[in-house]
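Shared chain: subunit A. Partners: subunit B in the first complex, subunit C in the second.
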Partner chain A sequence: MLCDLNIPWPVASYNQRPTMLQVHSLKQILCTLEELGYSQVAFNFELIPPNKVPNDTKTPNPIDLSLFKEFKGRIKLYTRITLVIDDPSQCQGLSKLTRAFDIIAVRPRSERALQLAVSSLECDLITFNYGERLPCYLKHKTVCSAIEKGILFEIVYCAAVDGPAGSISTDNGITDAGISRKHFFNGVASLIRASRSRGLVISSGATNPLLCRNSYDVINLLTVLGLASSTSKQCVSSSPAKVLLNGTLRIRSYKQTAAIGDEPLAGGVGSASERGNSVSHFKRKLEDNTVLQRQKKKLSS
Partner chain B sequence: MDRKNSIEYTLLSRCYNPGEEDKVIEILEQRYAADGNYKNYLVLKPTDNATVVERKTLQEMATNFLHDSRSARIRNGMKENKYSASKTRNEFKLFIKETQKAQETLLRKISKLPKGTDPSQFPEFKKVLKFEEFIGLNALWEEYARDVLYPAGETGEDPLNLMTKITSMDLIGSFLTVVKSNNFNMVGLCGIVAWESQHNFLVVVPRLDGWKGEVNGLGDAEPSKKSFSWRETIGGMRIINKKNTLFQLKVPTKDASQYIPFTIVGNRFQIKSHERASRKFKAHNVRDL
Partner chain C sequence: MVRLKNRYILFDILYPQEIDDFSRSKALVAMHKSTSSQVNPQTILIALRNSLKQNFGDHIAGIAGSTAQTKYFSNKTSTGIIRCPRDSFRYTCAALSLITHLEGQRILIRIVRISGTIRTCERYAVKKNKETLTLLHKDHNNVLDLVFGGNQKIPSFDTDNDDDE
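The block that comes next holds the complex of A and B.
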C-alpha cells in the first residue's frame, strides 16, 4: 500500500473554489499517481496565517471530493489541512477542524511553534518547507518526543525535483532551484539525524504530474540521504498508514478506545470526514441470520 | 402445605410414618399459634456456681481468642492465605479451570468418534457452559445498554456521546465478535461475555452444528463454511486476550429496529472494568494497532 499524503489543493482560502483547469490538473496528478502504484492520496489544504477558519462556517472543509468521483474504487482519497503557525496564539480554532479533516498537519515557522505542536496540539503530522532553511535547529529530544506520542514528521520531495535539472551556473553562482535543493538536502539530513531515522513519512507535494516519482525512486532518494533501505520503504508505506489510522481514530473513536462503524480501521474506505458526523450513517439493519438471533428463536419456540 | 414452613415440614415428616402427614401439619400449626401445647419460649435456669463458671468461660474465651491461630495471625499483621479455597476469587478460578478441563477432555474424547456424534452422551458435557443459558443475560444487557445510551430526552444521534458511554459501560452480557486479532484462530469467534478481567474477555460461544437443533440449520451460521471443527461443535467457554484484538459490538438503536456497530480496540481496553468507568482516556501512539 503506497501513500502520498501531500497533493496541494490549488486554492488557498475558503472563499474561492478551484477552477476547471485546476481540477483538471489535479486529475492528471491522480492519474499519474495511480499509474505509479499509489493507492492512498490526500489533498492538502494549506492555511497560511492571514487566511483564517471562518467563525460561522458549517463546512470547515473546503476540499470537495465529489469532483473526483471517477477515482472511486481506484484511489482512496483523503483530506488534509496544514496549519502554518508562527506564534502559539494562532491555533485557537483547531477544535473546529479536528473532526472535519482526515489528517491534521502543522507547519511550524518558529521554534516556539514547533515546541507547541509537539507538546500540546492534537495533530498527526509535522512538516516543513524544505525549499527554505528549517525554522530552527532540530533537537533530538523535541523530535523524538513527538514521534513517541505518535506525531510523525513529513519529508516533501518536490523541493528536490522541482526546477531545471543540473546546476546551471549564472552570474550569481547557482540558480534558485539549486538553492532549494541545497536547503532540501540540509533539512532532510538534519531531520533524519534528529529523529534517529524513526517516524518519517515522505510525500510528493506535486503541483504538476511531472513532479511525481515512483516509490523506488523515492526509496533511492532516501537511501542516498542516509536512511537504511528498509526504513525508507516504511516511509512510503507503513508510516503514512499509521498517520491515516491515527486520523481515522481521531474522527471515528473516543480517545482510540471505541470506534463507531463496522468498516476496518486501518486502510479504511476512504475519507472519513466526507461522511459527516451523524449516527444515522452507521446504522445497520438487524439480520435474523446471526448466531444470536437463531439461538434466541430456537429458545422461544 | 404452607410454603414458609416447608423445611420444618420435611424435617418433621421424617420422624413420622408416611401416613401421618396431618399430624405433622397439626404440630406445625400449633408451633406458631398463640394458644397451643407447644410454646416458643426458651427455658433458662441458673446452674450451680453460675458466677464462677461465667467468669471462667469468659477468660477461657479470651485466651482462646489470643491463641487461636487465625486471629493471632491477623493481630501479628500477617497476610491471610490468598490461596485459600474459600476465597471467592479462588473459587472462580477453580471453576474456570474445571470448565476448561472438562471442555478439553470432551474434545479429546469426541474427536476420536465419527463426525456428527452427540456430545451430550459424555459426563463432561454437563460442565461445559451452554450458550442458551446466557441469552437471558444478553437480554438484560441490551436493556441496560438502552437505558445508559438513550436516557430520557436524548435522541442518541451524537456519535461522540455514544462512544464515550460505550467506553465506560459494563460489557458483561454483551455479544462480542472478534473482527481482527494477531491470533488468527480467534478471528470470527463470537459469544456472550460472561466475565471481563483486565486482560481478557471470558466469552461463552454457541455450538455451531452437530448437536440437536443446530443440526438442521447446518452451515447457516456462516454460509460460506461447510464444516466446523470439533471445538466449534462443542462451544462453551473461551478466553480471549484483549491485546492486539479488535472486537465488534452491536448496540440496538433507540427504537430497536436497527443496530449500530462499534469497534472496540482491545489494546486500549486493558483496564479493569470498574476502573474503566471513571477513567480519563488519552490518545496514544498507534504503532500497536
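The block that comes next holds the complex of A and C.
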C-alpha cells in the first residue's frame, strides 16, 4: 500500500473555489499517481497566517471531495490541513479543525513554533518547506520526543525534482533548481540525523503531474541521501499508513482506544475497503503473501 | 577472471500532461504516448550525464556516467534500457529520476525495474506490457481502436538481442 499524503489544494483561502483548470490538473495528478501505484492520497490545504479559520463551524473544510467522483474505488482520498505557525499565539482555532480533517499537520517557521508543535499541539505530522533553509537547527531531543509521542516528520520531495515556480529551465535538459535542491539535500540530511532515521514519511507535494515519482525512485533517492533502504521503504508505505490511522482514530474513537462500527478505519484500497479490511488486516495479508511466495520459491528451486 | 558487473535499468517515459479523459484505460493510453523522433538513445544518455553532473558533481559523473550506455530505446513504446556500472547504479537511478526535460519537452521518467542481465529486463518489459493490455481489454473490447483510433497492428516489443554477456 503506497500513500502520498501531500497533494497541495490549489486554493489558499476559504472564500475561493478552485477553477476548472486547477481541478483538471488535480485529476491529472491523481491519474498519474494511480499509474505509479499509489492507492491512498491526501489533499493538503495549507493555512498561511493572514488567512484564518472562519468562525462559523459549518465549513471548516474547504476541500470538496465530491469533485473527484470518478476516482471512487480506484484511489482512496483524504483531506489534510497544514497550519503554518510562526508564533505560539496563532494556533487557537485548532480544536475546531480536529474533527473536520483526516490529518492535521503543522509547519513551524521558528524554533519556538517547533517546540510548541512537539510539546502541546495535537497534530499528526510536522513538515517543513524543503525549498528553503530549515527554520532552526534540529535537535535530536526535540525530534525524537515528537516521534515518541506519535508525531511523524514529513519529507516533501518536489523541491528536489523541480525548483519553486519560475525556476529557469536550461537547454541541457535539466531544470536549474540547484538552490532549492541544495536546501532539500541539506534539510533531509539533518532530519535523518536528528531523527536517527525513525518516524519519517515522504510525500510528493506535487503541484503538477510531472512532479510525481515512482515509489522506487523515491526510495532510491532516500537511499542515496543515506537512509537504509528498508527504512526508506517504510517511509512510503507503513509510516504514512500509521499517520492515516492515527488521524482517523482521533475522529472516530474514544480517546484513541475504542471505535464503534465495522467500517474500516483507514487504508484498504478501493475494493479492499469494501471487503471491510482495516490497515492491520491488510498489512498482515501482504506479509502472509510474501511468506507464501518465499515458500513457493523454495519449493520450486 | 572476474567479470565486470553491471546493472540494467528498465525505464519508461510518461506524459501525464496528455491526460484528458480520467477513466483508467483512457488515461493509461494517453500517458503512454509515443516519444517524438528527436529523442534517441544518444540524447537520453546526454541528458543522464548532464543530470549526474549537475546533481552529484564531477566525481560521480566520472564514475557512473562515463561507462553508462543506452542499450535499447523504442520511440513507439517510450521504453528503454540503460546499462551502468553496479557500484554506482543508485546514483544513476537518482539522476535518471531527476531529469525533467528531454529535447525541450517536459517528461516524467519512471524506473520500472533493475536487474543484473539485459534478458531479465526484456522479459519483464514484455510481461508488463501484456499486463497493461489485459487491463485495457477489461474495459474495452476493441483495444486497438482505443490505442490507435483505427485498424492497426499492435507494435510488438522488438528488442535488439545483442547479448552483452
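As a working rule, the second predicted complex is superposed on the first by the 251 of 301 C-alpha atoms of A that agree within 3 Å, B and C clash if a C-alpha of one lies under 4 Å from a C-alpha of the other, contacts with A are read in each partner's own complex, and residues count from 1 in each chain.
Going forward, contacts are C-beta pairs under 8 Å (C-beta built on N, C-alpha and C of every residue); 3 or more make two chains touch, one makes a residue touch a chain.
Predicted, not measured: the structure shown is a model, and the values here were computed from it.
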item	value
First (subunit B), second (subunit C), both or neither touched by A:53	neither
Partner chain(s) touched by A:136 [first = subunit B, second = subunit C, both, neither]	neither
Partner chain(s) touched by A:148 [first = subunit B, second = subunit C, both, neither]	first
Which superposed partner A:296 touches (first subunit B, second subunit C, both, neither)	first
First, second, both or neither for A:11, with subunit B first and subunit C second	neither
Touching partner for A:246 - first (subunit B), second (subunit C), both, neither	first
Footprint overlap on subunit A, comparing subunit B with subunit C	none
Residues of subunit C touching subunit A in the complex	14, 16-17, 19, 22-24, 27-28, 31, 46-47, 50-51, 54-55, 90-91, 93-94, 97-104, 106-108, 110-111
Touch list for subunit B against partner subunit A, complex	131-132, 135, 138, 156-160, 162-164, 166-167, 175, 179-180, 190, 192, 206, 208, 213, 217, 220-221, 246, 248-250, 253, 257-265, 268-269, 281-287, 289
Complex interface listing, subunit A residues touching subunit B	122, 148-150, 242, 245-246, 249-250, 252-262, 264-266, 277-280, 282-286, 289, 291-292, 294-296, 298-299
Residue ranges of subunit A in contact with subunit C within the complex	27-32, 34-36, 70-71, 74, 160-162, 169, 171-175, 178, 181, 208-210, 212-214, 216-217, 220-221, 223-224
